[in-house]
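Next come two complexes, and both contain chain A; in the first it sits with chain B, in the second with chain C.
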Partner chain A sequence: MATLLVHAVEQGLAFGIAALAVFLTYRVLKFPDLTVDGSFVTGAAIASLLLVRTGIDPFSVLLIAFAAGCVAGVITGLLNTRLGITNLLAGVLTMIMLYSINLRIMGRPNLSLLRVDTATRLIDQVWSPLGSVSVLIFIALLTFGIKFLLDLFLRTEVGFALRATGDSETMITAQGVDTKRMKVLGLALSNGLVALSGALVAQYSGFADIGMGIGMIVTGLAAVIIGGTLIRSSRVGWMTLSVLVGSLIYRIAVTLALRYGHVVGFQASDLKLITAILVVLALVLPRIREQRQRKVSACSG
Partner chain B sequence: MKRLLTIGLAGLLVAGLGIGALAAELTIGISKIVAHPALDAVEQAVMDTLAEAGYTDVEYILGDAQGDFNVCVTIAQNFQAQGADLVVAIATPTAIAAAQVYDGSDIPVIFAAVTDPVSAGLIPSATDPSGYGNITGVSDLISIAAHLQLLKDLDPSIEKVGLVYNPGEENSAILTGMAEDAAPGLGMELIVASADSTANVPLAAQSLIGRVDAYYVTTDNTVVSAIDSVLAASQDAGVPFLMADPTSLASATMTAGFDYYVHGQAVGDVVLQVLGGTAPNEIPAVYQQDAEIQLNVDAASAIGLAFPVALIEQAAAIYYGGVTFEKK
Partner chain C sequence: MLRLNGVSKTFVTDAERVVALQAIDLDLAKGDVLTIIGSNGAGKSTLLNLIAGTFPPTTGTIELSGEDMTAVAEHKRSRRIGRIVQSPLAGTAPTMSVAENLALASKKGRRGLRMALGKRTRKTFTDQLASLGLGLEQRLDCPVSLLSGGERQALTVLMATLVPPELLLLDEHTAALDPRNASMIVDLTRAFVGNLGLTTLMVTHNMEQAICVGNRLVMMHKGEFIHQLAGDEKAETTVSELVDLFAEHDVVDDELLLERVA
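And then the complex of A and B:
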């Protein structure tokens, strides 16, 4: 069970990077960005291609994937700000474009990384004194590093301008901020992070597949909303932490559903149903506890 | 009262855990990328083959990724956490995920229904038995050249062959590439129509009407889910439709391929070999060979096509009047 939890946390944090990205567009910029289903795979595709074809080390590959994701974000941003296409549609259009582009990058729908030195494999070898938690520590360091960088960024002048663009576009334009540039910047940063997440997950899973981005926006939103429901705060540091917590809860729900679903009579095909039920429980139980505490304090006068 | 409930629930959970922990003699994890008649047949065949060989006290952990590629790794990790003695991974992404999780382990990983295990990094070569330690399995690679030849046998005037496929499916992309390579050698030209989802299959099939002399579909999961629309398009075009999956006989003019249940039995045989003590890296990967031809007389007569006697003699089954007649 402990190893399963370690794996759940590993994946929760790896996908958590993409969740932070969705937080940036959906919550901060108030721009629902569907590009992520495509840019996640773009990161995975570029990372896999470079690892299989060239000798570039798996860590630099993460940075290159980030850059590629930024480009994807810029495309969506330009479609929206320069061509006036609505935010949702702009994201969808870029996502559709990326499907074909990603196939071209990989050259095939599925690229195997089994016989290549991925980041996780190297960490496993080099940090072997740490044993079975070496990969977990690496991913945790990476994810929290990104979280703190994001927190720092959102407190800079540019970061504040970005937040203001999402909150009240008219007000911040009156202050002289180019909101179009802010949107493009926000989308670039966000999709860069999504692509980085994709590159990391591909190396963790051992393959990049054209279909691995499907539903990424849903997973990201689930993490953002679950986290936001459990940790209510308007402070940046707590908000980004809540997103990571949300991502962890989702992954743990999937792991528990897989491990114990059959105990309550569910079949293998009910995985998605059980995952959703567990997430509902995770959201509802704290609220029940809150209500009970309120009743108790009311009674005791 | 509330405390009793909590204790009761906790007790149930512990009992559930306990039941799970009661060790069967053997624990085998079987995973598949999606629930699909062919993959389900493989899963069932493996369990049946083991049961027939006398392995009755087996705890099977079944994993279905439901099309989610990112769950494949979690499923394999779950097998590991539950102490699986052996893993059967059906389809390419599930197999790669299992190989990744069990990298360097002694637990055997047997892949099934993987079209190209060499490019997937599962085995170093098709003939070399000394694989990557704990991995071996059965591939469902079909002989494209033989299929195209069948079309020639059916009607030598067939030149342009229309192929509907999903470029996002690894197995399908490989087979389509092979078809494009094989076609010129047989004096044929391949015209492809791509459909990235089941909903787009009818449109892709219809786009080929009037441009091809025959339709061909490989073991593409996406297109197979919408196979009737391809048959309808071929009938509109008045041309024969060759399908590489025998379970779709009623939805094609002709099928050539192998039964996935038989494929599963071959996988079961490999599992039995491993359970019997042979190391996986001493078992060369099996490339399924026994392909059979099946003919759909109803569909053929609807477009005014008569099967040559040679093909009828080769056929393993005939579909006529809505009923499949198998040759003994």
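And then the complex of A and C:
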């Protein structure tokens, strides 16, 4: 049970980086970006290919995956801002392009990292005095490091302009900012982080698979929404923390559901259905509550 | 300062062509404050949109301080031209705090990776907010969405003048407010425009405002300037004289009729 929980926390943190990325597009930029389903795999695919074929160390591989993800984000950004394709469709188009590209990168639908020195395996050896939590500590350091860098970025002048772009385009245009460039920048950064997350998850799980990104946007949204209901704040540091907490809770819930779900008749394959339904509920419930409150106040007033 | 040469705008849709603005010429000197009145659809907002660069003119050129701005993108123009629109929601970023909004406005043009909000800037903002007299200096970290319409528009006025623009465009910026807040915003605007000597264009539906604010006035109808007043002539005119002028041009407008009854 304890190992099970450690694994859930490790995954929650590793996927948490992707959740931070979804937070950046969905919450900050107000751009529902579906590219992530593809760019997550791109990160995993590039990392796996480089680890299998070259001698590049597994940590640099994470950075290379980040760069590749940025390129994917730029493509969605340009489709939307320069060619005028709606945000949802722009993301879907890039996602589909990436499906073919990811297959090209891997050469087949699945790449195993069983015989390779991955980042997590190296850490396990080097930090062996720490015992069974060495990998957990490594992933936590990486994820929280990224969280703090993201917090810092969102407090810079450019970061402010990015946040304002999602808030009010009229306002930030009046302040001399090119909202198109801001959107491209935000999408690049977000997909870079998603790809990094994919590269990390692939190394952690020991393989890359063409289907591993399916539903990434929904998983990310689940983390953003769960975290947002638990920790309500308009401060950047608290918001990003809430996303990571949301991701942890989601992973723990998933782990428990997979372990004990069979008691109530769930199968592992039901996971995405359940996640999507949970996200629908989380999106709809606040609105229903609001409407009910309005009705009550209308009657009393 | 600002010069429009034969600026016109025609909107073309599949169904029709609408001439929103007919060849307009305008010359504003530095420090001029021009108020613009006119019936609905007279082309007042179109005129401001063209100057701000929201869309390009069909014909004509727009010059600012002798520089041709006609083809310059909106966000680049807005580094030199300040603008406040009718909706208090449009001028501020709602999920960001009062201080964060001011930080956005204090930096026009190139933005880098410096921290946007330091201790010293917060101090400056506190003093500037105190000058509004609304107690906003106590709510520096409050998200703007929690402010009232009047407070938000006051903040927008401060933001638009934080870095004094070469030209200030006011597009019925008090129309969405209740009378008390509207007069508060007009007073603030006059104070800022006066103190900083800002060249200003102000569109308004309120005849009294149009007379008491600024040194020049134009009346628009069907995309044209139908009457212009300046200096003493403007200062001495009355609301009923303006309404009579509208009537001469067969302008029928509910709000004008209401002004006459009042």
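Observations on the structure shown:
Throughout what follows, the second predicted complex is superposed on the first by the 261 of 301 C-alpha atoms of A that agree within 3 Å, B and C clash if a C-alpha of one lies under 4 Å from a C-alpha of the other, contacts with A are read in each partner's own complex, and residues count from 1 in each chain.
Convention: a residue touches a chain if its C-beta (ideal position, glycine included) is under 8 Å from a C-beta of that chain, and two chains touch if they have at least 3 such contacts.
All of these numbers come straight from a predicted model, not from anything done at the bench.
Because the two structures share chain A, they can be overlaid on it, and in that overlay chain B and chain C fit beside each other without clashing. By the touch criterion stated above, A:T229 is placed in contact with neither chain B nor chain C. Contacts of A:T170 after superposition: chain C is touched, whereas chain B is not reached. In the superposed model, A:V263 makes contact with chain B only, not with chain C. In the superposed model, A:D178 makes contact with chain C only, not with chain B. Once chain A of one complex is fitted onto chain A of the other, the partner contacts of A:S134 are absent, as it touches neither chain B nor chain C.
For chain A, the partner with contacts to more residues, out of chain B and chain C, is B. By the touch criterion stated above, A:R155 is placed in contact with chain C alone, chain B being left untouched.
Across the superposed structures, the minimum distance from chain B to chain C, using CA atoms, reads 35 Å.
Note: no residue of chain A belongs to the chain B contact set and to the chain C contact set alike, using the contact criterion stated above. Listing the residues of chain B that touch chain A in their complex gives 16-17, 19-20, 35, 61-75, 77-78, 80-82, 92-93, 96-97, 99-100, 103, 119-122, 132, 167-170, 172-174, 196. Against chain A, in their complex, chain C makes its touches with residues 73-76, 78-79, 82-83, 85, 89-97, 100, 103-105, 107-109, 111-117, 143, 159-160.
Chain contact summary for the complex, chain A toward chain B: residues 1, 3-4, 7-8, 11, 15, 99, 103, 108-110, 112-115, 121, 201, 204-207, 209-212, 214-215, 251, 254-255, 258-260, 262-264, 267-269, 271-272. Those residues of chain A that touch chain C in the complex are listed here as 153, 155-161, 163-164, 167-168, 170-179, 234.
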